[in-house]
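Per-chain residue numbering starts at 1, and chain names A, B, C and D are given in the order in which the chains are listed.
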Amino acid sequence: MNFASDNWAGAHPQIAEALARHATGFAAAYGNSDLDKVVKAKFSEVFERDVDVFFVATGTAANSLAMTAFAKPGGVFFAHREAHMLVDECGAPEYLSGGGRLCPVDGPLGRMDPAQLDAAIRRYPAQFLHGGQPAGVSVTQSSEIGTVYSLDELGAIADVARSHKLPLHMDGARFANALVSLGCTPAEMTWKRGIDIVSFGGTKNGCWCAEALVVLNPESAPGMPFIHKRAAQLFSKSRFVSAQFEAYFADDLWLKSARHSNAMAKRLAELFEKAPGARLAWQPQANEVFAILRDDRANALAAAGARFYDWHAPHGADLKLRTGEVLFRFVTSFATTEQEVEKTFSIISRAS
Amino acid sequence: MNFASDNWAGAHPQIAEALARHATGFAAAYGNSDLDKVVKAKFSEVFERDVDVFFVATGTAANSLAMTAFAKPGGVFFAHREAHMLVDECGAPEYLSGGGRLCPVDGPLGRMDPAQLDAAIRRYPAQFLHGGQPAGVSVTQSSEIGTVYSLDELGAIADVARSHKLPLHMDGARFANALVSLGCTPAEMTWKRGIDIVSFGGTKNGCWCAEALVVLNPESAPGMPFIHKRAAQLFSKSRFVSAQFEAYFADDLWLKSARHSNAMAKRLAELFEKAPGARLAWQPQANEVFAILRDDRANALAAAGARFYDWHAPHGADLKLRTGEVLFRFVTSFATTEQEVEKTFSIISRAS
Amino acid sequence: MNFASDNWAGAHPQIAEALARHATGFAAAYGNSDLDKVVKAKFSEVFERDVDVFFVATGTAANSLAMTAFAKPGGVFFAHREAHMLVDECGAPEYLSGGGRLCPVDGPLGRMDPAQLDAAIRRYPAQFLHGGQPAGVSVTQSSEIGTVYSLDELGAIADVARSHKLPLHMDGARFANALVSLGCTPAEMTWKRGIDIVSFGGTKNGCWCAEALVVLNPESAPGMPFIHKRAAQLFSKSRFVSAQFEAYFADDLWLKSARHSNAMAKRLAELFEKAPGARLAWQPQANEVFAILRDDRANALAAAGARFYDWHAPHGADLKLRTGEVLFRFVTSFATTEQEVEKTFSIISRAS
Amino acid sequence: MNFASDNWAGAHPQIAEALARHATGFAAAYGNSDLDKVVKAKFSEVFERDVDVFFVATGTAANSLAMTAFAKPGGVFFAHREAHMLVDECGAPEYLSGGGRLCPVDGPLGRMDPAQLDAAIRRYPAQFLHGGQPAGVSVTQSSEIGTVYSLDELGAIADVARSHKLPLHMDGARFANALVSLGCTPAEMTWKRGIDIVSFGGTKNGCWCAEALVVLNPESAPGMPFIHKRAAQLFSKSRFVSAQFEAYFADDLWLKSARHSNAMAKRLAELFEKAPGARLAWQPQANEVFAILRDDRANALAAAGARFYDWHAPHGADLKLRTGEVLFRFVTSFATTEQEVEKTFSIISRAS
């Protein structure tokens, strides 16, 4: 019963197998192998558009280099107050972008409210030298709290960004989970709705280390090859990432894994709704479930060896926590089994 | 016959196998898994000292973060003119260290001359505000041109660094090749001779992606956990690196692979000494052979499918190139076979 | 009737005279002239402590270099939401500090609330790698909206900073105005209450360009000479700043000028309380008056040639603005005359 | 007899007078006063072209912000090995440009050799990711050792820069001295020969603090207003700089002062050629004289109260120093008197 995070899971067997398969033989380094080229072409196919792809070590790197590409002197980037960039990246976006500022934007359930985004941007009028200048917007899909922007909601964010002539980035650390949740195509969830560049994460969905910065609109990210190399993110044996992505895309493994994770989350949510001493904080839309448990139930679960984290209430959310209640996050992954989910329910139910 | 670079080789079967073996199950992320801890302890055992270990994506990252840890305002780092940091890292050390300067130091055959290092440092008197201030020294072992500092030569460099109170970094992208060349222990090649921090490379010696910054003297690199995370180099599924290093150190795989590479280089060098239309530029001491070939011989070799790069003459070297002669680099690796080496000789010999 | 800003005034005649007096003769550059030394000694006398003094071009430079001295990897600086650093410095603190983050702290009337400061710092637990780490606190005295921290309020902020082992900076762009408002000594308003470093502004109080970073606690700002020079802030003909400060401190010109400015502000405030169609937003404590005027009154005033700016309501303030009412800022300076103030009143009073 | 540096002189009486004259009254801050506008228009007149002008605190700031405007990821700037940026700016260009690299270029007598410049740039092939990318060229006029590029020599440098599509900066800390030495117009010495941006120094030529970044080709320096403000270089009471430049340009004060300095240097050089125990190192072309003195003569001079610095031999220069001979630098300024020069000669002549 490990719900600590989807990055606690290892690698999907097909990913591991692909790595082993490509281990032999010589191939050009630094992204120039035949396999690298095939995989990059695959990205263009997946996104139905010619894209540039840059493999990076971490989602933090992908996000930070997108901001670096957007950077201007005195530049300000706008993202949800709970966004990974703002909360969990140790200042990497600010550091790598040469001192850009991250401006938090509020909105319910982990999604920026377009009106609040617009208001936040307006506080930095483009030609007011003293305040700095807006430089870009970032949206997280799925969000840090397991919710998903609808296509129209993405479009509304993009409209605001476009009205201020700002490029738009998507932090897709859990891209696949959002995609299968919406049941749309990558193109529909990105450039068809105004996204210019994506942090495309494979690691949390069954890869070992497969993160890519996918540039959909090259005008939004000039100089990216040098930005990427200068940040010490250009792998020499790049095929070790390509091999993972090859397997990731083959036979829709990525979509199947995401569907499984989401289904496990949904099932877990249903059980929390039924379990005594437990309730859902909000409905999950991807692979993260936020539930409020009475602490005796949580203790029982932990005692049984389950792993999960307590979580802070999102800004502005009123969870109406009663004494003895705590908010917890449960993350599912390709490796989560139905048995684990059912066992979780059974322990909670028994706990009283 | 692929001598393009040791990063054109894939992964050693034992490395690939270890990755597959550790693919299942859940484990804590961000360097906190049991395997991570075991492997980090192994590093301390290997270095015969309590060391801090930070996995990074690339050798460039390792080098750059060492410089970042050394950085001071107006800081200057000293390295050989041909060092990777100066030639092949796209300004990453300058960028990541917040604008440090790399000062080239000369010395024959890829190794800094201690007197020249001393003179270079003296051009930045410690309290002359206008010039900036010396901040650190970096030595490459084995060097960019396949030579190796003897232990006494390392000690002489360290003496200069210490006399200026400067920390000393070793770029060990090919650490193992140097180590087996000298036939000494890691401790003897590093902290016993005054090295404070090492970029410990496993990738070129048979791993997929296994680079570590090994801090031998923690006073030389304060704040490294934050420096590391802020640079977007903290892997989430860190065990994918640990698994590689586990296999790397097991049964001395790393030393065996390096001995093999070096032996292949030595054999290739012997053959170049014998082959018509070829001569050695200098004796290899690790796994890189620099040879001067008549272009007809080089063409014949290339036509037979061999991969190798022409190279610029090192600063100050007088190779006495005659018309039609070109300097080439041949790199061997764990994957180089004796057959490839012999075939190379036979093609050159036949080429006239 | 110019109340646009205290930096719209020119130089006090005694400042101009000192510059002319020191124009002749040769003197060592870069802060090493006899006059520089005399003036720096004067700073130590003024602060009753051995201080280090660094002249800079702007208050933004002073603030930003203080943050640079405080900087850590992933570092976060805490200041009031309305602080100059956060609102008016175009990202200079972030840029010059190598990518530090500014975290806004709320509190009524331009002053941080100690409890809110403590809560903001606690959101960055010192050893939580992902979030970054607290690096320093900055307090503005007098504040951006003309209010002044009492000595006890400063002490309470310092207690919070100290409890988190954070250095404490004072943005003293209007240091003198706060000082005479409190009627205390520079020592009492700074290091005796826990301030480590001060941006000491002379420009707004009658100098041409006289800003100094005053280091009260050298441990809080190591390496400052290099930080200062590297930021291109080391004036060559430094005596042109020293000459200004010499006159500034002579015969308490700085205190007299500040008392005059504050008195003009107080008088203006009294008149706004009496004038029809006008009311004070809050009581001024230094040289900035914030008043709410009916727009017909404001228009009449502007039509008569008065200069003043409309202002945004401070975060969290409820000004109960009625239709047709606008918040305005009026800044007084050494150059403000009683006549201007009275004329302002008379125009407003007549305006209906 | 003060020949230590032209920044040891104070302010020219007309500069001091202008500052006093503009001290009274209110004027818009941050470069928006009427005087600021008049002076900026004057720059356009002086350069016979619409230029953008940014006042900065120091020549180091001007140079560094030019490089910042030129910056690219992994960018390399080319300047003479003895250039101020490389030797005397404490890493400010590297720091402020976000980690750019300065590449030294050789050439006799303080001037880059175009062929060597071309060779240096070619070592960074534009699309070789690993090496970084050329980003700009900087030429110092007059040079650090008192020599001046002819217009054709400037044109040759510009041809090299243009052939690599690189912008070209002129460090004109001693712009006026070079200008009157060549007897040409500012336009002829700059944009008519391919210069894109100038660090225009007034401080060394009789101002207190008057340095301007003059953008001749706006395409070479996009975003400069924000670059300037973000670097904490936007003066609030900007008219204190404008007042200096107003007087500087009025009645050709700047040219007259430079002609005087140069004439004093020329006279000093003639005397060194005649004086026993002294000889010129090379002919001065601006206001710096480099002479080789026997140490008894130098000691006599110093004992008589003269101020001057010993100097390192420029890279590659063979001064044929005999035992007891030392190279010294003598700098003249608007404040240097004929009496001082003659007295210097008389002391040296008497010294034996």
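Criterion: a residue touches a chain if its C-beta (ideal position, glycine included) is under 8 Å from a C-beta of that chain, and two chains touch if they have at least 3 such contacts.
Because the structure is predicted, anything quoted here is derived from the model rather than measured.
The interface with the greater count of contacting C-beta pairs, when A-D is set against C-D, is C-D. Of all chains, the one whose Cα centroid sits at the greatest distance from that of chain C is B.
One simple way to say how far apart two chains are is to compare their mean CA positions; for chain B and chain D this gives 42 Å.
Averaged C-alpha coordinates give centres for chain C and chain D that are 35 Å from one another.
Averaged C-alpha coordinates put the centre of chain A at 51 Å from the centre of chain D.
The set of chain C residues touching two or more other chains comprises 30, 73-74, 89-92, 95-96, 98-99, 129-130, 132, 226, 229-230, 234. In terms of inter-chain touching, the protein chains here all touch one another pairwise.
Listed in rising order, the residues of chain A touching chain D in the complex are 30, 68, 72-74, 98-99, 129-130, 132-133, 223, 225-227, 229-230, 234. Note for the complex: chain B touches chain D at residues 73-76, 87-92, 94-102, 129-132.
Chain B meets chain A in the complex at residues 2, 4-5, 7-13, 15-17, 19-20, 22-30, 56-61, 64, 89-92, 95-96, 203-204, 208-209, 226, 229-237, 239-240, 307, 335.
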